[in-house]
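Next come two complexes built around chain A: one with chain B, the other with chain C.
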Partner chain A sequence: MDTNSLPCRTETAFPRLGFLEKSSDTRHIPEGTKMEMPLWLAKGLYERKRRVLSVELPKVYREGWRTVFSADPTVVDLHKMGPYYYGLGSQLLHFHNPENPEIAQAVLQTFIGRFRRTMDAAQNAYNEDTSALVEPLDSLERALFKVGQNGLNAFQRWETGRASHLTASSLVLNYRKRKITDL
Partner chain B sequence: MFCEKAIELIKELHRMGDGQLPAFNEEGIRQVLEEMKALYQQNQSDVNEAKCEGRSELIPTIKFRHGCLFRNQRCIAAYLYDRLLRIRALRWEYGSVLPTAIRFHMCAEELQWFNQYKKSLATYMRSLGGEEGLDITQDVKPPKSLYIEVRCLKDHGEFEIDDGTVILLKKNSQHFLPRWKCEQLIRQGVLEHVVS
Partner chain C sequence: MDPSEVEFLSEKEIVTIIPNFSLDKIYLIGGDLGPFNPGLPVEVPVWLALNLKQRQKCRIVPPDWMDVVKLEEIRDQERKEETFAPIPSPYYMELTKLLLNHASDNIPKADEIRTLVKDIWDTRVAKLRLSADSFISLQEAHAKLDNLTLMEINTTRMFLLDSLNYMYKLRTNMHPGSDAARSQDY
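Entry: the complex of A and B
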């Protein structure tokens, strides 16, 4: 998530770093250059008092997309948009953008709107191919889905009386699988 | 851009998934450390220049490099720590002796750490449960019966149980054994628990 790049505009010059900007041949990055910066760097350089750079919003957090999300959050493929829609969205709030309250609301409402479906899917897809269900989920939702599935499977095992069944550790099994493919 | 090598390391771990241990990427670590050294030296000279000649316009550049340095440090720490967690999990899954294939994937310091961890765990287990100690890696799931039916999945050789009888664990043979004796073998995939 940290490596997601954000569109930025430099507000001061960065001497001697010109080689980072491939589009120009100067030795320095002049003031007012538009460039992409990873989140971690933007966060490190950003200061409220001394304007070093300003961060623009990625397009999924802008007004236009926000309307789409508020219309029906369940139909959007967040994996394609993100895949760290929620994480990045909350990190963006560091950058004192005037639209901050709206972004926060949009991210929260999207999550609320989609959560029920994620939970339903996780709790009811037993012994099924879940790839189609998982595909449009954000990475946070995927983690939740996995937790839900583990719970469901453990419960089913308990119900069928197989909870005390000893099995080989999945770690060991995976290693063995790899060894076969290695050969 | 800086820090790309560092994120490669993290991605490598992430790709493996399921807590498997990939080979220790010494080359990758070395490259990141070299990048950090270069960044540090450039910053050092720029700091001197900024101080002596009062060139304050260099400060954003210095901050930029400093951020990259921190980022690299963080990524390496994360890489090493995640590997340690995986190695620790191996102790619980495989028991105290690791297969050589896995040992080859660890660097010298990690092997040392693993041995230390083994030692502390053993000391702790000896201190529990009175004279004999208590093996806390056993009975992770509450046992239902003392003896269980197991089938061998591969030739394992001779195996001695409590009462002194030696049995031969041959592939596809079936035995009725004390549970606590075979729990680890099941986890390692030598035996299979048969439930009728």
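Entry: the complex of A and C
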């Protein structure tokens, strides 16, 4: 999650750190440069009072996309928008943006809107290829989907009676030790 | 919790059998099991009934509710109402599976009973999902559901708890409080 690059704008100069800025060859990074920074670096450098850098919101969290989410959250392919929509959204709230309350609200409402779809997909897809269902889900939703699938699989396994059926572990089968019958 | 564990808990329920052997009263830690006389019905826990049946020492009498007419009534009631109807046994799913697998010769119309119980299960689980969805979308703080069985709760437990946890974390974002109090994840 922290390796996502955020577009930032430096508010003060960074002397002798020109090598961080890949697009230009200057020795220093002058004030007002737009560059990409990983989240962890931006979070560490950000300070409200000293104005070291200001962070721009990625497209997904801006006004335009927020109205899309409030209209119908289920159609959006959240995995393409950055697989950590919820996580990054929560972290962005650190940066004291004036739009913070709306961002927090939008992230929460998106989750609530998509919950039904995730629940139905997880609880009904038994023994079939789920890659088409999982594709538009964000990583948080994928974790939830996996938990739901586990619950469903355990129940189905019990119902068909395979829960008490002893099977050789897949590790042992793959290791292909010699069996008594081979000797 | 594993479904096998729920099945284990259900084996404590009492069922009537008709033994074909005789034995004096036995005193177990859980309670006494009455004297066994061939041809006379006696009440025992399900685990003992299944064991005796597998050794061909008894005949199992199906419980009162395991009857096509009664189950049809329950199924229709379940479909009509929006809340969960009271069901005759808190372990209906497990008992159906166990008794129909081991003693289907003693139970009349076993296949129909299996289908009816599956219908009742599907209706109840659908109601459970609907209620979970409205719980989350209305962001309620607490909900009360009567007449749910352990097996139904068990299938959705992990999923519901995890989603409620994530939702809680997203909600606390709206009221940050102090930055130091917020944890590193989400």
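Quick note on the criterion: the second predicted complex is superposed on the first by the 165 of 183 C-alpha atoms of A that agree within 3 Å, B and C clash if a C-alpha of one lies under 4 Å from a C-alpha of the other, contacts with A are read in each partner's own complex, and residues count from 1 in each chain.
Here is the rule we use: a contact is a pair of C-beta atoms (placed from the backbone, for glycine too) under 8 Å apart; a residue touches a chain by one contact, two chains touch by 3 or more.
Quick caveat, the model's predicted, so the values are computed rather than measured.
In the superposed model, A:Y86 lies in contact with chain C only, and not with chain B. In the superposition on chain A, contact is made by A:V52 with chain B only, not with chain C.
When the two structures are aligned on the shared chain, A:W40 is found in touch with chain B, with no touch to chain C. Once the two complexes are overlaid on the shared chain, A:G148 sits against chain C while remaining clear of chain B.
Looking at the shared chain after the overlay, A:T67 reaches neither chain B nor chain C.
Looking at the shared chain after the overlay, A:V107 reaches chain C, while chain B stays out of its contact range.
For the contact definition in use here, the residues of chain A common to its chain B contact set and its chain C contact set are 163-164.
Of all residues in chain A, those touching chain B in their complex are 3, 12-17, 20, 38, 40-41, 44-45, 52, 162-176, 178-179.
For chain A in complex with chain C, the residues that touch the partner chain are 86-87, 89-90, 93-94, 101, 104-105, 107-108, 111-113, 115-116, 119-120, 122-123, 140, 143-144, 147-148, 150-152, 154-155, 157-159, 161, 163-164.
Across the interface of their complex, chain A is touched by residues 1, 3, 7, 18-20, 42, 46, 57-58, 60-61, 63-64, 66-68, 70-71, 89-90, 93-94, 99, 101-102, 141-144, 148, 183, 186-189, 192-193, 195 of chain B. Residue ranges on chain C touching chain A, taken from their complex, read 2-4, 7, 97, 101, 129, 132-133, 136-137, 139, 151, 154-159, 162-163, 166-167, 169-171, 173-174, 176, 179, 185-186.
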